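Chain naming follows the written order as A, B, C, D and E, and within any one chain the residues start at number 1.
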Amino acid sequence: MRGFGDSRRPQGAWPPHPGPLPGGEREGPLTLTLSPGGRGTWVAALPLPLLTACSGPQSMLDPAGTQAGHIGTMWWILFATCAAVYGIVMLWLLWALARRHRWVEPRGVLPVEEGRDRGLTFWLSVWVGGTVVILCGLVTASYAVDKSLTHLANREELAVEVEGMQWWWRIRYPDDDPSRSIATANEIHLPAGAPVRLKLKAQDVIHSLWIPNLHGKMDLIPGRENELFLVAEREGTYRGQCAEFCGLQHAHMALTVVVESPEDFNAWKEAQLAPAPEPASDEQKRGKAVFLSSACSMCHGIRGTTASASVAPDLTHLASRPTIAAGTLPYNRGNLAAWIADPQRIKPGNHMPLVGVPPPDLQALVAYLDSLK
Amino acid sequence: MSKLQCCLLALLAVAYNILACAFPALAQDPAPPAKAIPAPAASPPDDGNWSMPAKNYASTRFSELDEINAGNVRDLQVSFTFSTGVVRGHEAAPLVVNGTMYVVTPYPNHLHALDLTKPGAPTKWTFEPKPAASAQGVACCDYVNRGPAFADGKIFITTLDAHTIAIDAETGQEVWRTKLGDINKGESMTMAPLVVKGKVLVGNSGGEFGVRGWVTALDAATGKIVWRAYSTGPDKDVLIGPDYQPFYDKEKGKDLGVSTWPPNAWEIGGGTMWGWISYDPELDLIYHGTGNPGPWNPEQRPGDNKWTGGIFARNPDTGQARWFYQVVPHDLYDYDGINELILVDLPWNGETRKALIRPERNGYLYVIDRRTGEVLAADPYFPVNSTSGVDLKTGQIQYNEDKHPRMGKVVRDICPTAPGAKDWNPSAFSPRTGIVYIPHNNLCMDWESVEANYIAGTPYVGANVKMYAGPGGHRGAFTAWDPVQRKKAWEIKEDLPLWSGALATAGDLVFYGTLDGWFKAVHAQTGELLWRFKTGSGIIGQPISYRGPDGRQYIAVLSGVGGWAGAIVAGDLDPHDASAAKGFVNAVSDLPRRTTKGGMLYVFALPSRS
Amino acid sequence: MERNFVRDVSHLPTHGHGPSNLTWWGTIGFILIEGFAFVLAGFTYLYLMMQFQHWPPGMPPPELLWGTLMTVLLVLSLAPNVWAKRMAEREDVPRSRIAVLVMLAIGVLTLVIRWFEFTVLNVLWDSNAYGSIIWTILGLHTLHLVTDVGDTAVLAVLILTKHGKDPRRLGDVTDNAMYWNFVVAAWVPIYALLYLLPRAV
Amino acid sequence: MSPKDSHPSDELRDGPGLNEDETCRRLERTWGTAPGLWGWLTTVDHKLIGRRYIVTGFVFFLLGGILALLMRLQLAQPEGTLVGPDRYNQIFSMHGTTMMFLFAVPIMEAMAVYLVPLMVGTRNIAFPRLNAFSYWVYLAGGIMLYVAFLLNTGPEAGWFSYVPLSGPEYSPGKRTDFWAQMITFTEVAALAVAVEVIVTVLKMRAPGMSLNRVPLFVWSMLVTSFMVVFAMPSIMLASSFLIMDRLIGTHFFNPAEGGDPLLWQHLFWFFGHPEVYIIFLPALGMVSSIVAAMARRPVFGHLPMVLALIATAFLGFGLWVHHMFATGLPRLGVSYFTAASMMIAIPSGIQIFCWIATLWDGQPQWRTPLLFVVGFVVIFVLGGLTGVMLASVPFDQQVHDTYFVVAHFHYVLIGGAVFPLFGAFYFWFPKITGRMLSERLGRWNFGLFFVGFNVAFFPMHLLGMVGMPRRVYTYPAELGWAGMNLTATIGALMIAAGVALFIVNVLVSLRGGRIAGPNPWGAGTLEWATSSPPPSYNFAHIPVVEGLEPLWDSRGRLPVVHGLRVEEREVLLTTVVDAHPDLREPSPRPTIWPLLSALAITVLFIGSIFTPSAVVWGSIPLAVGLIGWFWPKRSRTPTEPVVES
Amino acid sequence: MFSRCRPAASVLALCVLLLAACEREERAYRGEPVGEVKPGAIVQGTLYAGEPSPPPPQRREYEGNAYHISEGKRLFEWFNCSGCHAHGGGDIGPPLMDDTWIYGGELENIAATIVEGRPNGMPSFRSKIPDQQVWQLAAYVRSMQRAVRKDVAPGRDDHMSASPGEQSQPVQEAKPGGGTPPSSQGTGQ
């Protein structure tokens, strides 16, 4: 098994990336986030061997944010309770089967005499009473955890608009000064420790934003606006994915969440504000011309050029993003070229058509796009 | 009252008038006039010509001729007609200069000179500018042209493919031609130029194509660009400099044309200038509006979107802005700010204010101090529900949260509509009554914002719109508004939206036309219908009045349905689609049954006494 | 297996009235199903109402005349309907025949009125969600009218021919009368929803 | 009451006056199904219809299983290329749809159609023609869906077809229309059977079978049928709205015009959650039957069991919102549904307790049906506990729509319904066919199924928690899901082997299985009181019930009533609560009209996918069919005219 | 007899329809890249010299395919066709839901119009729209004029109800060469 089976892997391990990621490949401490319930001790105490496979860039068992931490606590409460109940039931079942079992043909029927079931009836009442008590406990715990998920909501420091499209994510950072608002695609950068409000909407079908390491999922529903409130605490790179079936390429609708220090975050934001750099080399210049004169500019925009289309991801800072095609491929020049050359083979049914850029033009185009840091 | 008393009173009145003209101070100080008067410097006495579509720099569209009056107008009859040979929407005003009438047609923008001295007004010459045919694809609302302008022996016209052309008024020869915009970006030109101090002022159209709006001054003699002021972008492009002194704080700040937009959105942000310009020679300021921001979908352009949807006062020589007032910051409903600006001096709280009157798209009639840009009044002349009023302290319009457009959600019953309570079709102002005569719509709409995708040369709108009759069930109205009393004097309900201009005359008459082809004269005081005539096609043109070479008074108007309101007829649109013509088709789906295409000049006069 | 005869049932009758019949229970079953469908459609109506600022959105509510006429007619039809049921239970064949014919005539009349009702809704089903739900609810109810009128027509043919002598036909008349009661009972809240509620909010 | 009813005619009647062989011969002539195709098409015998219902349902189970295997093979490795996204989407939608609508509900109702009349001791189900009709409609719906699927027109929006994805704009073509219409088919069939079962249970029980003596399986089917009556109208409305949105431009789910996508979810889950219990409650009844027979004692706590069934049914309607915790509904509202969802664990807990208590107190025999019951308890309790977890809003927000949920509901549905169903197959197969299934193959069958099931579905819990969403046709290699997915695929193959073994067992046993005799398990309920397979008339004499387990109570001498006619189809009606004999009701004869009506309604439904006017012209043949169906016929003996219903 | 034949005939008709379904529901994602919409078979009139040439394969492939038409519907919005033609009723450009066609109303004519542009304001999208999407758009435009089978035409979209969905309108024969609208006669350019 490849990947993040080992929880000590660097947090920037996903996606595989040739160069350093914006978030930096930090060796994050294993459980930086301690939820009030002391999840860390739970982890240590539970001898479940499978747990080693539980951390990772898209795992609810490896919380990196306050909310995911609380939910993690809830999980361990539920797990412990249910495991205990299950154990009791199974033991009793074993006993019942072993007690007077027979391997033979039936002989006669046990008569039910008056009063014979009285003892069982008593235990049934105990059983029901126990069930009620346990359930009341769980309901209370669930309600408490649910409340704790939003208790920081009035301390919002950052609002991010997330719009689900078939099959990518449009991310906007609105600002009171509209000229400082930025738009990107398939990546969310968050400052560590800051309370963030994600505003979720969709224009086409229902999607669901799920970043397990930070929070549970919330649907993006056409005609409605939902909110998800979270605090990311541990720096690192996480993965989120659409969790509501949304059509052909539901499987390839992922996004990268980079949690970084406030300084790094601000630097990233400043970089995003700049329009696309002018092409430096002749090849890049030609690539820009190819972009503007071909089908690319019908859907994609690059700020600073005349291409301002907006039905597909904005490419102004394409080369700074960790993935292309909504988490389908890690970003690098080779993948980019392969993607442009035949997007329908990599992600069949997605809305990027086979444009058929001739090979020399393709090289130039990729060179230009690769300059859009 | 005896006859003698009458004569005495009349004499006194004449004397007072003479005194008032000779010594303005005398007239003002003791008792300000009870009604508004046109800005004196901008409205010279009528010479019987009609040399600019708005009649004068004050944009009064008032003729001092009174041969035709309320008493005899019922005898008015056709004097002659002229077929323009084009059957698109005729929004232009004919010009009459020294015995020649100049008529500019919609695309292909032919300019006809008619010799009024001869019976039947034969054609003197025709100028064909041959604009690019593909320009038809970037004309949002029919291939209209709003008229020529005359100055210094030249006729100036704009063409649909964004050229401005000067033609010798006598010979019909082209003097110069300047390309001002690129149709491949969606830029076109439809407005009537205004010539001020030897400069031809023009602006571009194409707010629905994501163009960047501007107003430009060309040297009337050579056609060279003297200055160009954009409606979006950094201050140096907008020509905002040290002279800029807006009244309200919200208009102050550096490079607001950049910072009130999302990054780079101002480059495709609209704010075109395709309507009317007025000029006050006394203050030496031109006044013009700026169009709607692009796209219509407001969610794609958070911020105030300066300098769209507002009014600029500029120095005509340098283009430097003096003041600006944003009527609709962050415009939500395509409330283009390009309507006419009537310059009047009017009594206000005991003093006389130099003001401009603007019946705005958003349903308010603004009275603004034209020296400073202070809003004196903004009163609804239409049952507005998209906004709840204008805060006169801050100048801020109060949007109604209930009617805020949302992506993917139809917001119902927004009044007024995208074409506004009143669109470009200009009002008239009569100094005799002190009343503004406003031909306008009575429509409401359903609106849904959708994602607009910018592709240069194609529309950039992002809204589905469906219009229908507003409160009362009628779709148009002709309103007489007293700007001093701040109330309606009277109103005529019209079944169809009104898309023609208005004309007021000293004969106490007001003329306007309807979409189904009626040309009407009503009494300026009461609104009583005195005369009407059915023309061959719907009227969306601007009526004028002139004194012919024979000394008689004539009324002229172009008939030819079209424009945004009449696109269903001019463009053969299909009424099954409620969103056709950006929703207007739904409001006038009965129009094809009530009128047909046409392109005809009608000139009326009283029967000759001979 | 040995048998142990404990009871003779040969004296039992072969048909009964009301709840002792299978058909009665079957009819009740389908009334439950359809009644619950009406309830859910009503909830949908209220749910959609919450999505709108104005209800109806931008058009006048359905005109009262035909709907009210329908309500009056349906409520009044309960009288002959109950009479029909009573006659059938008394096994009074001639009067049952008259009653069935009267109910058939009323049924046809309701269909005519329903036609006019559809013409004054002031909205089409494809205009907006409001139009969709009122057309659907009215259509659902019309479906019940149509099936019941069809049912009554077949019953009329049966009862007017030699089949009419069969006491089971009279049992069918009572079941049919019960179903008509349901159709009327379903209509009254629908009338309130479609015609009165939009005027009240 | 007319006088002639009170005086019995001179016809032949069962009872002491008639020779037993002669009784059976005449009853067979009256009740038997004609041989040949015509008989097959016209029969109204609940056993024949129930049998073909069961077989059809099982065939759909196999088809759904094959689709599941395809999915597992596609997901066995990352970036699999066995099928593309379009096919995969159709496959999982077909899988869910088949299993829920064409297998689970119908087969439970099929078992009821077969067993309920036998267990309540009557000769046929109520409304037997409606019964035939419902089978034909169900068959037509299933065939339609599969033909469409094979023609690349299978549903593609999942078995719950969320709008707008399944709406007119995002689901082009006719794929979703066929799906929505299939809903209509199955709901017509299910509602018809529900009414039949309710009426059969309430009115046709054997004399003496008062409500407190009704077997638990019959109770469960009665409760289930009531749930069907209240749940199905919701999906009927929803699928009608959907198809109207798609075909005639209504706006129920168009947010721009005042509709709401969440309206679909409310309506769907208001049906969809009870649907789970509709599948699961009959299985509880089967488990109770098996447990009682295998433990050699009546089920402990009959009354608590019945109350638990009813409580489950009521609660089942109150927790649909727990499928919508991630839709952003108001927080306080959803907390109520957390509580309601958890509370449903109480009746389930009671039932589990009662079964184990019965086994504990009885003498359980290790026969295959019991194995499946044990498998049921082991699996279902785990699924139930994960269900309790899912009721917690915060936890559900994490695992909703992930493989955790996939694991959960397979534990609940396969554990809670399929394992009991296989147990029931082993248990009642002798009754239906007269031959026993092989115990040896049965143990292998169980072993493979049980182990395979856990290998396939247990890892999915973890997969969901480490991030794997549902309904993805592939996944990237970097996320480390490959190992667990491969394990799951191996488990799926084991299940397939187990099911294959079952089929072998059936085929072998049909020919060479041990002859069962009337009551091979020594069980106590009435279906075992007649021969295996039962005769067309079920019982030569209607039994009289004196206890919960009549065969055990009567110690071999079953009391019966006599006096029903043998030359006419006649059933005995009893009163609702106490089951006193009330009426001798004529029962309809075979007829072709239900089949013709079903064909007519099929044409109507399918035609309406292509043109709304089909609803109008399609209703003409339907009306003809129905009139033919209900047109009264004179009976062969003129004294007592018969109604056909 | 009637009630027995009717279902049989309908079932037969249904089978035929279902066989057509394979084609209707096919989803081909990888079309031709940007190239030329081959002008070979484009005609704008109904008068032929000699035998008419057979229709090109795209007609069946795109006009009979629900997926392509629905993609065309999406692109119609994305590429701002709706900006000029509204939802078929027309605006700046002529209406597309009527049967009046200046440059021919067949699939190939419409595709050619998209690629080449037309002098009176229709922009050319040559090299801007890949061929497959041109065909998809053209097929959608054909559905607006009700010239495709009803079972492949799209239903209403999830937006403002501007015009009835293509599917809920009767199929009609489009004039192959198209008529000339009165408006194009006046300007004469």
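The criterion applied here is as follows: a residue touches a chain if its C-beta (ideal position, glycine included) is under 8 Å from a C-beta of that chain, and two chains touch if they have at least 3 such contacts.
Every value quoted in this text rests on a predicted model; they were computed, and no experiment measured them.
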Shortest chain-hopping distance from chain C out to chain E: 1
Set of chains adjacent to chain D and to chain E: A, B, C
Most widely separated chain from chain B, with each centre as the mean of CA atoms: D
Chain pair whose interface holds the most contacting C-beta pairs: A-D
Intercentroid distance (Cα basis), chain E paired with chain A, Å: 41
Chain centre separation (chain A, chain C; CA means) in Å: 53
Separation of mean Cα positions, chain C and chain B [Å, integer]: 62
In chain C, residues with contacts to at least two other chains: 57, 126-128
Overlap residues in chain D, where contacts from two or more other chains coincide: 86, 164, 169-170, 245, 248-249, 251, 254-258, 260
Set of chain E residues in contact with two or more other chains: 27, 78-79, 156, 158-161, 164-165, 168
Chains grouped in pairs wherever the two touch, ordered by label: A-B, A-D, A-E, B-C, B-D, B-E, C-D, C-E, D-E
Touching residues on chain D, where the partner in the complex is chain C: 1-2, 5-6, 8, 13, 15-16, 20, 126-127, 130, 191, 194-195, 198-199, 202-203, 207, 229-230, 232-234, 236-237, 240-241, 244-245, 248-252, 254, 257-260, 263, 266-267, 270, 518, 529, 540-542, 544, 554, 556-564, 570, 572-573, 575-576, 581-586, 623, 627, 630, 632, 640-641, 643, 645
Parts of chain D lying in touch with chain E, wherever the complex brings them together: 86, 147-148, 151-153, 164, 167-170, 172-175, 245-249, 251, 253-257, 596, 599-600, 602-603, 606-607, 610-611, 620-621, 624-625, 628
Partner chain B, residues of chain D touching it in the complex: 255-258
Residue numbers on chain D that touch chain A, as the complex places them: 84-86, 89, 157-158, 162, 164-165, 169-170, 255-256, 260-262, 293, 295-298, 300-301, 304, 326-328, 331, 335, 338-339, 342-343, 345-346, 349-350, 352-354, 356-357, 359-366, 374, 377-378, 381-382, 385-386, 388-389, 391-402, 462, 465-467, 469-480, 482-484, 521-522, 524, 549, 552
Chain A partner contacts - residues on chain E that touch it in the complex: 27, 29-35, 74, 78-79, 127-130, 132-133, 158
